[in-house]
């Protein structure tokens, strides 16, 4: 039993070792099923495809959930092989509340819930939860770990930038509301409504569904767009430099130092 | 009396010292009230909330103003503890005209003014002044000091960029006016009106409420958008490099220098 | 015969040597014809010009194809002068499947095909293939080689960024579909349809043909625009730094190295 | 006479020397008149102001032209004081065809031409030439010299980027024309018409007056927007680094070099 658990652990977790071939095959299968799920979730909403392939979509849904459920239970069973979760009860409980196990759970739980749910509104919301199946791919991607690292490292600067953006958004939207409300009471109906304009102006999206028409509003709108470019340049610059540093580090893990000036060579 | 003033000064100003716990508590309370004010100012403009919580909004408004007024008077009273404003009269006058004291004043003054104002238009404008309460948060934020420093340091480059943007805006809008006025006399009615197009084109917002329709106008519109990306890249680049320098400085206050070439290690 | 082939090879390929003047003249002629083809392809679609200069367009089309065909056959004939393709049969076959020979072929083949094709739909698609004539200019441009090099070098980072953008697009569009579908069933009719919104929002294009109208949708729309700026900053930063490195390298082919620390001076 | 010419030269050209006070005063007057001309040109097109201040605008126009004409003639007279234009005839002819003298001429010539012109269309175009008066300010601005230097230095890269942008625009617009023409024959009527879409998509302006509606067109539209962000990042990055280098150079004109590794200190 303990031997089977060890073997299964090696298959589920992609790590160098004996059963590497089987592990690779299993994980490729898992990535394929996740990708197919992504395609199914997206195409499922197109009425033509939904009508034509309704049975196929349902069958694949049931198959995916069964597959993911078996995998989820197995992962909980074998997780004790990992030193971090070695205790038979507390270790498994600890594992269940780890980020990746929660994602795995959210990928299957809505299906079972919808079997008993009668309220259509709740079923609709639960369907949205299927998107969590896509996040399962993060287990395999360096990209997500990279983002996590960059965000963790540049946390302080990003919070600072976000605060500035929110602060600026409130100020700009408040002033715009008082300037444009009289001219366009339907569009700039309240400060929260004006904030939608504020975001589209500061990010330079500019859908055109809401925009100032008074001369003063246009002046303020122009200044907002210019300010927005400057403001969003800040977090952008922070992220770009953060990513560049990490990518460089991964490519050149070892560095030599000049004995004369101590600079990296 | 002098002792009370000293204690109060220590509470109002967040500085290391004896009454640090009380000071921290008081300043957290102040930040909370300012944040609640921001939320109240924003939600107050939503008709549904305004109707439902009218009494709450008014009560909180009165409470905030009374709180800020007492605090404002106290700050003037205790400011003489600060060496910069030590004279009992001239020091206080000097303090009243400091940036942060002016912001504090603008946060409360409109309320008292509206009590006596009868003209609704003025009352409306004075309500806008309540946004200054948000700026009070700048007292606590490193972000604002950072922006202030970056802007001060890169002043020359920012003025240069702004001049270029304004110059380009006038040139582009003037040419576009003469090109498009005949085809769209309502939209491109004058050069100032065309400037609104100029800003939305150069910042790439592009609301779509005004855009060229003649072939020559479209050619000019395309060139303007490309020029705009180049032009706004300049101040953006300046700001990003400015922020990066400051953030790096704060993180690494001490630097080592190579004994051979004097460069930082 | 072998002598003629050698001379012709020198004329067709721009390389230093004897017949450099003729080679330069021939290649300038080729660039001119390609550029004229680009202008003809573009103007040909304007009804007025097409009616007025119909004969001219047809004559130039025939002339171009004949010229390109003779050139294409000649290139196959003389390619054996190149060491890479020296075998009389396998060398030529190898050359025919090289990138530049395929582009040359795609630039002429549609014309001959349309002579026999009777289906108008196919003729229409084949006309599109004439755009490959423009790609022939890549033979002469350093810019295209530069792009090729940068993309090859930064492949890993670009794939990572593209994956992130696609992943984000699916997530954002799926959530938006469930949020907005009830309010705008015609616009946000399916997740693939919502992806069109997703792209215009994340790239900040914002045509305005599709945009959220519910408060929750607007909130998500704002977050998407901000995320989009951050996401696209990544590949942009990668490309800019890649180009800068290459341009710097081309300008300074030789570098000196400090004898002490081995760093470039 | 020669003495008067020398004095006048010193007044017209801002250079250190005897009559510096008068020179400064004169040049400030000139900048003021140019700025007022900019304001007059812009406000003149607003119907209300034009009606109200018609006489004022005309008077200021006449005054400006007379002032600029006298100044232009004087500059030609005194230019021989400059070593570059020392010959009494060829020097002056050389000066007349210098960039700044041509700008000075274009700022006044349209006025005299309109006195005799009878064709209203020509008068309208000539009015546009008054914008050249704004360019006169370039004589005083470091910003314009900076731009000139950056553009000259990064010429090769900017030409390369521009070529790429034009090439991409033709390719993308041609493909989009063949994809969307059948669905929207009025909007995507020809490749030149589609290029207007191409520019607004690649610069992410997105007015919304023209956008793809077919699924294939939307896919291409999405890819275009993403490509556009990458493409325009290139010239933007080049310009930003060019400006940064120049601004740094101006601030730190002298550089020290480490005797050990030859690197700048």
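So that you can tell them apart, the chains are marked A, B, C and D in the order they are listed, and the count of residues begins at 1 in each.
Quick note on the criterion: a contact is a pair of C-beta atoms (placed from the backbone, for glycine too) under 8 Å apart; a residue touches a chain by one contact, two chains touch by 3 or more.
Each chain and its UniProt protein: A, B, C, D = Ion transport protein.
Given the structure is predicted, the values throughout are model-derived calculations rather than measurements.
Listing every chain that touches subunit C (Ion transport protein) and subunit D (Ion transport protein) alike gives A, B.
Looking at which positions face the partner, subunit B (Ion transport protein) and subunit D (Ion transport protein) present mostly different ones, since fewer than half of the interface numbers are shared. Greatest Cα centroid separation from subunit D (Ion transport protein): this falls to A.
Copies subunit A (Ion transport protein) and subunit C (Ion transport protein) of the same sequence differ by a rotation of 90 degrees once their CA atoms are superposed, given in steps of 5.
Chain centres here are Cα means. That of subunit A (Ion transport protein) falls 32 Å from that of subunit B (Ion transport protein). Between subunit B (Ion transport protein) and subunit C (Ion transport protein) the centroid-to-centroid distance comes to 45 Å (mean Cα coordinates, whole Å). Multi-chain contact residues of subunit C (Ion transport protein) (touching two or more other chains): 192, 195, 200, 204-208, 236-237, 260-261, 263. Within the complex formed with subunit B (Ion transport protein), the residues of subunit C (Ion transport protein) that make contact are 204, 206-208, 260.
Partner subunit A (Ion transport protein) is touched in their complex by these residues of subunit C (Ion transport protein): 157, 160, 163-164, 167, 170-171, 173-175, 177-178, 181, 189-193, 195, 200-201, 204-208, 211, 213, 215, 218, 221-222, 225-226, 228-230, 233-234, 236-238, 241, 260-263.
Contact residues of subunit C (Ion transport protein) toward subunit D (Ion transport protein) in the complex are 38, 41-47, 124-125, 127-128, 131, 134, 137, 141-143, 146-147, 165, 192, 195-196, 199-200, 203-209, 232, 235-237, 239-240, 243-244, 247, 256, 258, 260-261, 263, 265.
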